[in-house]
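Each chain carries a letter (A, B, C and D) given by its place in the written order, and its residues are counted from 1.
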Amino acid sequence: MKLSEGTVMTHLPERLLTGYRNFMAGRFVSETQRYRSLAREGQAPETMVIACCDSRAAPEAIFDAGPGELFVVRNVANLMPPYTPDGQYHSTSAALEFAVQSLKVKNIVVMGHGRCGGIRAALAPATTPLSPGDFIGKWMSLLAPAAEAVSGNALLTAGERQTSLERISIRYSISNLRTFPCVSILEGKGRLTLSGAWFDISTGELWVMNRETGDFERPDPV
Amino acid sequence: MKLSEGTVMTHLPERLLTGYRNFMAGRFVSETQRYRSLAREGQAPETMVIACCDSRAAPEAIFDAGPGELFVVRNVANLMPPYTPDGQYHSTSAALEFAVQSLKVKNIVVMGHGRCGGIRAALAPATTPLSPGDFIGKWMSLLAPAAEAVSGNALLTAGERQTSLERISIRYSISNLRTFPCVSILEGKGRLTLSGAWFDISTGELWVMNRETGDFERPDPV
Amino acid sequence: MKLSEGTVMTHLPERLLTGYRNFMAGRFVSETQRYRSLAREGQAPETMVIACCDSRAAPEAIFDAGPGELFVVRNVANLMPPYTPDGQYHSTSAALEFAVQSLKVKNIVVMGHGRCGGIRAALAPATTPLSPGDFIGKWMSLLAPAAEAVSGNALLTAGERQTSLERISIRYSISNLRTFPCVSILEGKGRLTLSGAWFDISTGELWVMNRETGDFERPDPV
Amino acid sequence: MKLSEGTVMTHLPERLLTGYRNFMAGRFVSETQRYRSLAREGQAPETMVIACCDSRAAPEAIFDAGPGELFVVRNVANLMPPYTPDGQYHSTSAALEFAVQSLKVKNIVVMGHGRCGGIRAALAPATTPLSPGDFIGKWMSLLAPAAEAVSGNALLTAGERQTSLERISIRYSISNLRTFPCVSILEGKGRLTLSGAWFDISTGELWVMNRETGDFERPDPV
């Protein structure tokens, strides 16, 4: 037993295997029926979240969400690119199409966060790309016009420029969502809502975008 | 108080706001120092996970991971596309580049799962795309050769074809990871490990890919 | 008695007379000795506050300050104009000179606040001045270059432009303070500190300017 | 926690941070709704007070005024300069214009006080100015004719000359208020009242100016 256990354990980082065992001994025990039912019936999440890959901003943690609740796309800087039906493969657009057309989610939330490395890269593009492919450079170039406008503002501190672009990018992604015909049609019919949120890693505060003004505000305490 | 509170609440799905409040009253209280330190010091996750958007397979839940532990990309069917430095924007490649070159993660785990809707779509491509842009069709076409081979195999049941392609796609993503120079170089130097895992939603079992054989095996109980 | 009381009462707004009587029956009773001593010894405040006239942002309330503690200048938008020894009379510069040279205060705090009407006027200068003298227009023109830079940024919401200029103006006033030789010399000797703060009327939060970065941050809870 | 807390605390004088915490734990708790409503609806104070910077004579304390009640200008010796539409910036005139034309206050109160350092400086102009800019000298020169007349009166004691000029200056400011067309017009229409008051720091007494005679009288006790 020792032998085979050791054999398999080396194929997954030790920390993850330990974590998985905690999951099985803890959360899964209390949610066995829910997982079984979700397997049998299929998933039917009401909400899609477009979030960042950042290890400090997992949507399931921040929204205390259980299995089956959130359909989650995560990419660097939680960007929704504009509708571009060019025949190329577009990871985030595919996820959007699946969520809206197949799962028929009712809400889409774009969730950004403070101290985002992708946003930092957009504000100060590397003179030398991270690798010859310059994938981060290309990806963050979606925000280039906004990043240039913000980084040229010498009246703002570095921290203010960062927060500013983080929030601008959430509004940008939401307006890109509306370039997808399926999104704009369903939103028009009142069957789909679009929300923005910004998570402050340091304080744990969630700032919610006011749909009318675009401002980020904190929900009142209950 | 109800009035102004309601004003902000309407800008985020009610369920998420409630969940967020649970987070603040629960997990955040016990991890305040960790979040604050992660904000001050920056993230330094050791592991990148490439996972599916599926609402039933959140890596943080399955690996019982806290803030700062996992850098997570999620797209439909947890696919890593091949290295394609064509100047287009590639969401997943950008995340990989950021994780490996900037964060210097030590491990990359591709985690698939059972009953994956993306895999199902690859096995039975829709005659009518989900939307005119056919983003899911294009995205899953990354798996087209494998999907055709599997779906043509009449000796397998539908369930076996599904599980088969789910696991083939994990091996395919891992081999695509090695097409990125930065990945293959670091793996060659022993500074980066690549792992595969497959999560069974119904039973909660995690099957770990054996690096030598490519087989998926269950870790022994402790 | 009725007659003379009525006679005098009409010479001060009724509400203020009532308030004054509350003061005499309440706070003054418990601070009689302090007022008497302050009259005998003269004032010796350690801190000068440059604040706004706004009725919602009284420094004594926000800093819970008693008699003798704060030497307070209040003008529209809490502006400190630059050092201009032109022989004209300059109200705020006179107060600064008195505080620093005569009272020898140890700290100067510029305190701005949210939803400031003066800042709003700077962002959207009236086509018709409030009165032929256009005193507000002239006064807020101190901020004109910054206001133009901020108001031209269409990527920001109206609320974000407002908050942004409110904070920029605090940094501007602090840098103007340093154009006064007496301030820069004493600050250089470590005998005078300059601080910035921004009060959020809605939440009661005080954001304190970080002297190194210029960012506004909330003090941690005790 | 001490460490990060200390980081922010050092950017504001310790005493003010303590005072702010008292405010949040005390007054703000009981007036949360009022602040929130004042933020949402905007300020609508009925009264403007022109007061002195002196740390012992805060109008909110003396009139026991809550948030939203008093629009307060504070300069050295609570002076209202005469109407001078010369294109220069005039801090106090800008505040007056804003209060009358934009906020449409109903009352203006000029509040002086005993032992005023500005008045003392006017009575005994320094042979050497406080600083090369001589801002106090210029500012108090508004009172120069009155100050000369008073200081030449050998029949008065030093204390009587001080009190005399303090009261003369209140009447002078009130007559200057009437040089502003908007003030004299609205006063003529009965929509704006002008009052004078003088606060005795030592005894806490408030002397109210009789509008007919210009005398300062104490309101009767209730």
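Here are a few things to note about the model shown:
Quick note on the criterion: a contact is a pair of C-beta atoms (placed from the backbone, for glycine too) under 8 Å apart; a residue touches a chain by one contact, two chains touch by 3 or more.
What you see is a predicted model, and the numbers here were worked out from it, not measured in a lab.
Any chain bridging chain A and chain B, meaning touching each of them, is missing here; the list is empty.
Touch-path distance (fewest steps) from chain A to chain D is 2. Of all chains, the one whose CA centroid is most distant from that of chain A is D. Of all residue numbers seen at the chain C-chain D contact, over half occur in both copies; the interface is built from largely matching residues. Its C-alpha atoms fitted onto chain C, chain B is found rotated by 30°, rounded in steps of 5. For the pair chain B and chain C, the distance between C-alpha centroids works out to 53 Å. Annotation: 12 Å between the Cα-based centres of chain C and chain D.
Centroid to centroid, with C-alpha atoms defining each point, chain A and chain C lie 42 Å apart.
In this assembly, the C-alpha centroid of chain B lies 65 Å from the C-alpha centroid of chain D.
Multi-chain contact residues of chain D (touching two or more other chains) are listed as 1, 4, 36, 40. Listed in rising order, the residues of chain C touching chain A in the complex are 146, 149-150, 153, 155-160, 164, 167-168, 171, 203, 213-215, 218.
Within the complex, the chain D residues that touch chain C are 1, 4-5, 8-9, 11-13, 15-17, 19-24, 26-28, 32, 35-36, 38-40, 42-43, 45-48, 53-56, 58, 60-65, 67-76, 79, 81, 83, 85, 87-99, 101-103, 106-107, 109, 114-115, 117-118, 121, 130-136, 138-142, 180-182, 193, 195, 197, 200-204, 206, 208-211, 217-220, 222.
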